[in-house]
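In the two complexes below, chain A is the common chain; its partner is chain B in one and chain C in the other.
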Partner chain A sequence: MLLYLLRRIVYAIPIAVAVGFVCFMLVQIAPGDPINAIVPPDAPADVVEQVRKDYGLDKPLPIQFGLWLWKVCHGDLGRSLATGRPVWSDLSSAIGNTLTLAVCASLLGFALGCLLGGIAGTFRGSFADRIATTLAVAGVSVPHYWLGMVLVVIFSVQLNWLPAMGAGPGGSADWSWDWEHIRHLILPMVTLSVIPMGIVTRTVRGLVAEIMNQEFITALRAKGLSTWTIFLHVVKNAAPNALAVMGLQLGYLMGGSILVETVFSWPGTGLLLNSAIFQRDLPVLQGTILVLAMFFVTLNLIVDLVQTTLDPRIKRA
Partner chain B sequence: MTLKRLLLAAAFAAPLTLPGLASAQGTLRIGMTAADIPLTHGQPDQGFEGNRFTGFPLFDPLTAWDLSRPDRPTPLVPSLALSWEVDAANKTRWIVKLRPGVKFHDGSDFNADAVVWNVRKVLDRDAPQYDPRQVGLTATRMPALRRAEKVDDLTVALFTAEPDSFLPINLTNLFMVSPTHWQKLRDAAPTAEAAWNAFAANPSGTGPFKMARFVPRERAEYVKNEAYWGGAPKLDRVILLPIPEANARTAALLSGQVDWIEAPSPDSVPQLKQRGMVITQNVQPHFWPWQPCFVGDSPLKDVRVRRAINLAIDRDGMKQLLGGFMEPATGTVEQGHPWWGNPTFKIRTDKAEARKLLAEAGYGPGKPLKFKVQISASGSGQMQPLQMNEYLQQDLKQVGVEVEFDVVDWNTLFTNWRQGCASPAARGAAATNVSISTMDPFFALVRFYDSKMAAPVSNNWGMFSDPRFDAMIAEARNSFEPAARDAALAKLHAAGVDEALFIWVAHDVSPRAMSAKVKGFVQPQSWFVDLKTVSIQ
Partner chain C sequence: MSTVITPSAADAELAVQAVQAASRSEGYWAGVWKRLRRDPLTIVCASILLLMLLAMVFAPWIAPHDPYQGSMIRRLKPLQTPGYPLGTDELGRDILTRLLYGGRLSWFMGIMPVAFAFVIGTTLGVTAGFLGGKVNMLIMRTTDVFYAFPSVLLAVAISGALGAGIFNAILALTMVFIPQIIRVAESVTQGVRNLDFVDAARASGASGFTIVRVHVLGNVLGPIFVYSTGLISVCMIIASGLSFLGLGTKPPEPEWGLMLNTLRTAIYVQPWVAVLPGVCIFVTSICFNLLADGLRQAMDVKA
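This part shows the complex of A and B:
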């Protein structure tokens, strides 16, 4: 197991380099110029070239990438071209905000998904199954940014129950788990939870239905075990696969939803990436995507380890 | 006894609530279109929205605009400079007298040393305070300024590369920041860049508001500067919130999270009005054109074609499409502006005349005029580019003109704009659609009509070159008496309209929506507003 762990950590290094390289090349290939993050469109050519030189954007691309990689190895993600602030200072606060939103949305989505999926799988073919399945399909089909806008119209504009945007009355820097702040979290959290809810519902439904049909369940019933005890057996058998799906979903949410964070002006990594993309702010793009990719890799590793713990039949070589 | 105790408790509690009520009365919350707080180190980014909200409220330039009236273009007025005049013996030297008794927010004095220091921050690469980030945002708007020298504590000499009567107008773009405060931060920081970042979080200018709290990407909070040289503002507090998505801004206003939003989406206006919000708009120093290419195979090289297209457009119909949020453009500026000049070619809708001109140019049903325009899907100042361009496409079809679009994103459009119509980046487009700010003569006219400004030097994307226009520009640049300068610019503008050097379509009206509690707001014919006169009821 230790070897497996070490191997997975070592694999993360080429993944990090590849992610950084792909991100760097995509920005270079895309039309537009990173210099536009620093100078306005009406800047004359001599000013543009001078600023380009000052920021090292005139160097050959391999050297630019190499310099960036060198700094990353020393823990420096560089500075934003647009603001001049260290990338890490904006990124660390954005990650915290996205984590808050992603974890809450995941918990809500997974809880609902497991509940609906469990009901649907246990009572397959019934009216409850149809309701749960419809909700699941709706969850994965409805564009979540549209849903977010609809929720804002209903709950903020018409009913005035919840705020339309932001991460608290004083911004995310003042975040605390009180009602004044949590009410800012509710709408984006519900919006983000519908896709994982739908996916987990469908997954759990399939798993529970399959397990319930297996002979060992019939044997357990024949032995006279209670429904609750049988249920625990079903959960234990469904958990590894369900966890794998939930882990992936959590990873996607932690990547930040550009659209939902923009609709709600939630200051997370999605909103950060949104403005960095439009500004061609290369250091912010590269740093953010690198850190998120590493999150994903780490999360996958954790999910694999938890799966092994839950199901000893899964051996990690 | 219980009632008496209750009354006593209420009597003690009441004063504790009153200060909260008082400060809430004087707090204005603004939802901006920017995705981040514009830079607060003295030279804002995010276009003129930056100057509007993190420029003029925190800092002052040497000269400024009179934003007090909505019924006329904004004239230039003294700000930190009381007077300015060119040296008769050396037209590249300006003598500027400074306003006495002005202090920065940190208490240090504003004087000639501060002016020289601020000029050097963007023009002198050897200066410790030189910031390349601010160069792009400033030097482009003061193309002739080269250096500054102290004459005495309240007098400074500014030098230009060549005689340039536009300098006083250009100086509205250079905000004065406190050298003393910056130096204190520099002494504690490892690099000048780090010092500027620290300054941005805790800036010091001479403006009517001071920074109270700055949360990157989320909010900036200002408090009033009681000692402001122009009189303390009415508002106690201003809170700026970046809300880039139009529907989110509208929702924030309707739900009471903000009091004022920039650029509401046109289709939300009826609902905003129904809920008692006030919609303001006024013609802006801006125009939305197609900028023709004058070289190569461009059919727009022919003045008859350019005039025809200008005559073929139904601008009133476009105004209806935009819900009234535009003014038809008949020039870079409109009648009543000092630079109007009364052109002989009158831009109007006359499709019959348009067809006649196209026929003279050799186009007709058998040989329709076809060309491509490079446009963007969005962008600052671009208004509703897709809808507007598609409208033009359908409108021009009525006179037999077939227009094709090359749609690119905003960043790409202005990267290509810098490269010119003869470069491969233009992809064969005969026109480009980049909206133009017209606050000063260089921005409004010179950079398009001057042959020396052909891309990539500046924004003469179409590579226009005509010695008559170069001569008119030189005349304007060398007319230092304001009335003579304006007359020369009027001659230049009129000549440009007569030659149809643009396809003029619209002027933005910069709509904004605000709660009825907002009082005292004047929307001038400017990109900027004066927050000093605003209060919250």
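This part shows the complex of A and C:
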């Protein structure tokens, strides 16, 4: 198994490089000269030429990629066209906010999903099962950006209970764990949690139903064990798969929170991406996508490693 | 008198029953259709989708107003305004009319990427699964790279780099779904490739192309099709999401995601009018999702 873990880690490296290449190509496929992604459009011609030489944009594409990769590995994601600041400085604070939102949303989604999925899987075909399954389908089919708007209409406009925008009082972008900030977190968190809720419900329902049908559960019942102990056995069997689904969902939420962040003006990577798209700020776009994709690659790797280590039934060589 | 049936008589009875059953059986698709008809939820969803489709196709005849013609004096009217049953938007255009017309683009952007990805993904996936070896390696490892992006992020990245526009959005979404379909196509093809009838065809001298066309495709298209139907729901949400971000359709074109975006500022004035386009996206998406579930069960495809 150690060999498998090592191989899995080594295999992640070419994937990471290739993901980097896709991000590198984003600027290349953008209409116009990639130099426009670095210098402002009104720069004089000799400056443009100088920058072209400095950035190695006069060299062939593979060498450009090498140079770019070298810089990225040293933490240099370029400079924003709009603000002139290094991309990383804006990105680092935004990532924290997105991570807070995504982690809270996936925890909530996971908790609800396990509850609904557990009930549905245990009592298959019952009324509760139908409700849980309906909620799960609704959760994966709802356009969550719209759900966010509906929640704002209900809880901010009509009831005036919760703030509709931002991550803190006065539009502050710095997160801290006090009530004022948590109030701002509730609506985006609930909005974002419906997707993992739906997916986890489906997964857990399937897992529980499958486990409950197995002979060892019948044996445990025959042995006279209490429902609680049997429940613990089911949890132990379902946990590795459920956790794996959950881990991947966290990655999807990190990448997919752009829509919800736009609705709630949540100062995270999504909002950063959104403004980068509008200002055609390609370095910010590229840097943000690169970092989010790398996060997803790493998370995939961790999930796989943890699942292999946790679940003795998985034998991989 | 005892009615003991001798084993040979019982066998004969069974054989007769089998022959009768065989003459009564209708084939695979008739069975699928029969199962679908008995599934009320799927029928309801299919009917809703059909109704929506008809409403969109006949929008010029049904719609009470012009989708582009607004008026400053009747901006943001509430629901049930006489003549404007679903209110008006921020430019005074009739919401009902724009929803009817808007469905055309939303559906187009929800279905076309999946259709393109179905064709390209099936071709590549079946090729990879059937040929194996280096070709498989090349196709599947490339797929892994695109799989390493969360789908929404990849769609936003590609269409963000290419710039706003329907064509770019469809291109981006196609890129998102190709790897997912390749994976399914490859794995089902792998499953079929080593079955006896494929070996038999090969032994009888059929060329690789003929084997794929005659023996493999018929067995893999069903599962891939069912999987792709399930993607329409996701595609519609992401496509409308791209328009919502301003990356898909451009104003003044009516499209549900874009309508949600432009009405977003109106939630303090006419909250219930502003959320209507989202209801349309939600209903369409949930119906496609349930339809795909129904198809999967009727066609007996494992998820």
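Going forward, the second predicted complex is superposed on the first by the 251 of 317 C-alpha atoms of A that agree within 3 Å, B and C clash if a C-alpha of one lies under 4 Å from a C-alpha of the other, contacts with A are read in each partner's own complex, and residues count from 1 in each chain.
In this section, contacts are C-beta pairs under 8 Å (C-beta built on N, C-alpha and C of every residue); 3 or more make two chains touch, one makes a residue touch a chain.
Here the structure is a predicted model, which means the values were calculated and not measured.
Q: Between chain B (first) and chain C (second), which does A:L26 come into contact with in this model arrangement: first, second, both, or neither?
A: second
Q: Of the partners chain B and chain C, which touch A:T262 in the superposed model: first, second, both, neither?
A: both
Q: Figure out whether A:F296 sits in contact with chain B (first) or chain C (second), or with both, or with neither.
A: In the superposition, A:F296 contacts chain C only.
Q: Check the residue A:R205 against both partner chains and state whether it touches chain B (first), chain C (second), both, or neither.
A: In the superposed model, A:R205 contacts neither chain B nor chain C.
Q: Who does A:H181 touch here: chain B (first), chain C (second), both, or neither?
A: Neither partner.
Q: Between chain B (first) and chain C (second), which, if any, makes contact with A:F278: first, second, both or neither?
A: Both chain B and chain C are touched by A:F278.
Q: Contacts for A:G166 in the overlay, against chain B (first) and chain C (second): which applies, first, second, both or neither?
A: A:G166 sits against chain B, while chain C stays out of touch.
Q: A:V152 contacts which: chain B (first), chain C (second), both, neither?
A: A:V152 contacts both chain B and chain C.
Q: Go through chain A and flag every residue that touches chain B in one model and chain C in the other.
A: Overlap of chain B and chain C footprints on chain A: residues 31, 149, 152-153, 157, 262-263, 274, 278, 280.
Q: Quick one: in the complex, what on chain A touches chain B?
A: Interface residues on the chain A side: 31-33, 36, 38-48, 50-51, 54-55, 79, 82-85, 89-90, 93-94, 149, 152-153, 156-157, 160, 163-167, 170-173, 262-265, 267, 271-272, 274-275, 278-280.
Q: With touch defined as at the start, can you tell me which chain B residues reach chain A in the complex?
A: Chain B residues touching chain A: 35-36, 39, 45, 47, 132-133, 135-137, 139-141, 143, 193, 196-197, 200, 215-219, 241-245, 247-248, 251-252, 254-257, 408-412, 414-415, 417-418, 434, 443, 447, 453, 455-459.
Q: For the complex, which residues does chain A have touching chain C?
A: 14-15, 18-19, 21-23, 26-27, 29-31, 137-138, 140-147, 149-150, 152-153, 157-158, 251-252, 254-256, 258-259, 262-263, 273-274, 276-278, 280, 282, 285, 289, 292-293, 296-297, 300
Q: Which residues of chain C touch chain A in the complex?
A: 141, 144-146, 148-153, 156-158, 160-163, 233, 237, 240-241, 244-247, 257, 260, 264, 267-268, 271-272, 274-275, 277-279, 281-282, 285-286, 288-290, 293
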